[in-house]
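One chain, subunit A, appears in both complexes that follow, with subunit B as partner in the first and subunit C in the second.
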Partner chain A sequence: MDVVAARGLVKSFALQPALRGVNLAVPSGELCGVVGADGAGKTTLLRCVAGLYRPDAGTVAPGRAGRADVGFCPQGFHLYPDLTVDENVDFFGAAYGLDVATRAARRDELLDFAGLVGHRARLAGHLSGGMQQKLTLVCSVLHRPSILLLDEPTTGVDPLSRRQFWRLIEELHVAGTTILLASSYFDEVERCEHVVFLHEGRVLSDGGVDELTERGASLEDAFRASLSGVGT
Partner chain B sequence: MTSGLSKSFAGRAAVSDVTFEVNDGEVYGLIGPNGAGKTTLIRLLCGLYRPSAGAGTVLGLDIERERSLIRARVGYMSQGNGLYGDLTVAENLRFYADVYGVREESRLREVMSWLDLGDVAHHVVVDLPTGLRQRAALAAALVHRPQMVVLDEPTSGVDPLARDTMWELVRSIAAQGVTALVTTHVMPEAQRCDRLALLAESRLIAAGTPEDLVETSGLTIARVDATPWAEAFARLRARWPDAALYGTRVHVPLPQGEAQEREVRGVLAGLEVYSLSWQPPGIEDAFIALVDRAASHGTA
Partner chain C sequence: MPPDGSYGPTSTDPSVTRSSLPSARRRGSMRRLRAITRKEFIQLVRDRRTLALMIGMPLVLLLIFGYGVRLSVDNIGVELVGHDSPAVRAVLSEHQHFRVAPAVAPTLTAARRDLFNGSEAVAVVVDALGRPVRVLIDGSNAFVAQNSLEYLRTLMSSGTSAPVEILYNPTLRSADFMVPAEVGMIMLWVGTVATAIGVVREREQGTLEQLMMTPIGKLELMVGKILPYSVLTLLIAVMITVLGLVLFRVPMRGNPIELFLFAIPYLVAALSIGLLISTVAQNQRQAMQTATFILLPQVLLSGALFPLSAIPWGIRWVSQMLPLTYFTPISRGMFLKGLGFAQLWPEVSVLCAMALVFTVLAALLFKTRLD
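Coming up: the complex of A and B.
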């Protein structure tokens, strides 16, 4: 069953189209990567899926109706820099309506999962970029969503932190979470089961990495080839 | 170019005993995790910091005694890119031209046309996409006809298509004989350098062409397709913590050796392995292996 789906999804901002009829289908438990340049529409697509934007046309799931089951890990740093790691997690837990006992239990479990236990009392604003990303992830999965949306989670993060972050993604994936990841790194989406090339609000092509790179080309070459196919 | 170069801040070593050499007209990459000392090393070379120990030359000039000459002959593009956001591209370039005492207006046009900035000359910098902003910053670093440019994370936050353009420009600069020293932590980009130095915890731990670094790592990657994949992944990860998922395929970085295939198959005993193939590691695999190795050898 496709738990994330878009059909003919259109979204514009002040008459500037961001998505021009996107179709997408992500079956339950899949790790799907969306790759494209700035302005391709990656963030808009994720926000529509998360129900943060209302589409102008077309349909999207889970969208607004299914928000409770979605974890959204936005691009950049969206935590409270002047609160500690623990306080941030607690704040987001409360926002999801978790009771005090559940909050404490999940906080301990997830900080351990993310390797942040030793940093609980530090201010979030004082963490390294890689740790901030991991904390953002922790805060976005406190309510145990079955769908996780990650918007360029490793941009600007060094290779060692990126490896650690990917270990967390893999664990969530193996545990059955459906994951939609937006990235501008080809070597990153290569790790997904299903890759979507997005360009100027349209899907250029999508499929498994092996399918997209049929002629032995790299994923980046395949992306370029589909770009020239649309004549831009 | 440098020999035993060191720099400490308040007793903490940021660069320790770094010795390396860059050839004229080369694109030379400095790679390493955050905090490895890349930016400090660059600033030492540009004469922005004084070394705590060791010595170095840039374009034959001593980094301690001839700092002002170095600054006149080296273009520096910092991570924050150093442009005035509320000025136009042309105004920024004019500002840099004034700072460096470049008088001819024609040089500004020349640099702008070289970097294909003509169309955005009168755009305010903050309004430009990151890729163009970085290109404008590169133009500013080139205004005074430097013999060498130092680029600190030139593609940070830049999208894949603009990254390509940036690297083509770096290549075209080098083709004109201008040496380019570039830091990056995006590994597929490091591959585009002629040679690389890998820094970790303030030390230089490996140097050479990208192929040399891959070779030095002594790694090979096993690509495993097995069913059920989650079980195969769990077992391989338990045995080799660096095992990673690619779709439902597992990549396992392993030291090169004869017995590896038997060992991989042993770990997967009882599962259906329908494909086991080998591929050379990427630069990122090599990078991680070399950094891990340096860390496990500690400070010895």
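Coming up: the complex of A and C.
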């Protein structure tokens, strides 16, 4: 069953199209990567899926109605820099409506899972970029969403933190979470079961990594081949 | 791995069961409201600069208005021209409004020169019999000139006019006039600016996007955001009132509890204006600029500084739309005259209506999506 789906999704900003009829289908439990250059429409696509944007045309799921089942990890650090790690986690836990005991239990589990236990009393604004990304991930899965949207989660993160971050993503995937990840890095989306090439608001092609790399030696070659196929 | 063996999706929250959904929803709502309010308080306390501004600025304004600003002009330089006259000198010196120069200007030309130089503001020409026959006033400062004219009229006719009794502020002290108005001005400033900046900062930091992903509803977010600022604004209003009573000996003839009860709809209106500003401002700088654009006319056109009767009819309709226009008579009436609800209900009713309209408008315009 497709838990993330878009049909003919169109979204424009001030008459500038960001998505031009995107079709997407992500079955339950799949790790799907959307790759494209800056301005391809990756963030807009994820925000439409999350219900943060209302599509101009087409349909999208889960969207606004299904946001309770969605965790959204935006690009960059968007938590409270003047709250400690514990306070941020506790606030978002309460924002998701979790009671005190559940909040405390999940906070302990997830901070341990993310390797942030030793930094609980530090202000989030004083953490390194990698730690901030991990904290954002922790806050977005506190309510145990079945769908996780990750918008360029490792941009600006050092290679070691990036590896650690991917370990967390893979654990969540193994646990059954459906993950839709947007990235500009081909080596990152190579880890996904299903890859979507997005360019100027359109899906160039999509499929498994093996399927797509039939057209080129690497995923990047395949992307370039798809680009030449549309005459861009 | 966690004790329950999974980080993955769960179909139910352990704290919510199907049979108790309505009460669970209510509990969840209260939990979210408490969380937002607590977070705002923590952020408010940690943001020392903003907190210092919010508390320091009202204090500075209180001192400026209480000590620095005088609506009455005293110590106006005046000189006699032509002849000296102990009688005129005595009348002029009777009040602190005038400082009479010991020397007499010999001629009208000399007096005009003194006014031109700014060494004196008023010249009283005295004839050989010691009677004032002509007065010259430096009109380049209209405020001083108006006051001089008024004082002179009163002094010169004091022997003939009926006794005058000034009620409620017999000595016409500026502090008695200003401090009650300042309570309203400060509440408006702190409530509006703090709320607008508090919400816009969420947008600037990108945290609003994260909040929109949670089940936090529009009302929970609005109430949770404004509750801490309401408490802060009320505390500052109490501080201004107490300092006004203690430092400036402004009388409080009404019931102070009643005053703060009447201040609640005014405060809600001010906070809602802050929320409205946050719906149009994209960053904190824009929020401050918009707040200034909205607050300045309130201070100038509400009757807090200048009488409403001095505002031309053409723009008086603007005054009628400003919350401060209705709170100022409430505050002054309670401080100086001891008025209560029986006299002030029209103003209180208008403020309640304004609070409702601004809150509904803010709720309608407050977005829970990014586009």
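The definition used in the following text is that the second predicted complex is superposed on the first by the 230 of 232 C-alpha atoms of A that agree within 3 Å, B and C clash if a C-alpha of one lies under 4 Å from a C-alpha of the other, contacts with A are read in each partner's own complex, and residues count from 1 in each chain.
As a convention for this text, a residue touches a chain if its C-beta (ideal position, glycine included) is under 8 Å from a C-beta of that chain, and two chains touch if they have at least 3 such contacts.
Predicted model, so just to flag it, every value in this text is computed and none were measured.
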{"item": "Contacts of A:Gly129 with subunit B and subunit C, given as first, second, both or neither", "value": "first"}
{"item": "First, second, both or neither for A:Ala95, with subunit B first and subunit C second", "value": "second"}
{"item": "First (subunit B), second (subunit C), both or neither touched by A:Glu193", "value": "first"}
{"item": "If touched residues of subunit A are counted for subunit B and for subunit C, the larger one", "value": "C"}
{"item": "Sites on subunit C touched by subunit A in the complex", "value": "1-3, 6-10, 13-16, 27-28, 31-32, 34-36, 38-39, 42-43, 46-47, 205-207, 209-216, 369-371"}
{"item": "In the complex with subunit B, residue positions of subunit A that touch it", "value": "31, 35-39, 128-130, 155-156, 158-161, 163, 166, 170, 173-174, 184-187, 190-194, 208-210, 220, 223"}
{"item": "Complex contacts: residues of subunit B adjacent to subunit A", "value": "32-35, 129-131, 156-157, 159-162, 185-188, 230, 233-234, 242, 244-248, 282, 284, 287-288, 291"}
{"item": "Contacting residues of subunit A [partner subunit C, same complex]", "value": "13, 47, 50-54, 64, 67-72, 74, 76-83, 87, 90-92, 94-99, 101-102, 105, 109-110, 112-113, 139-141, 143-147, 171-172, 175-177"}
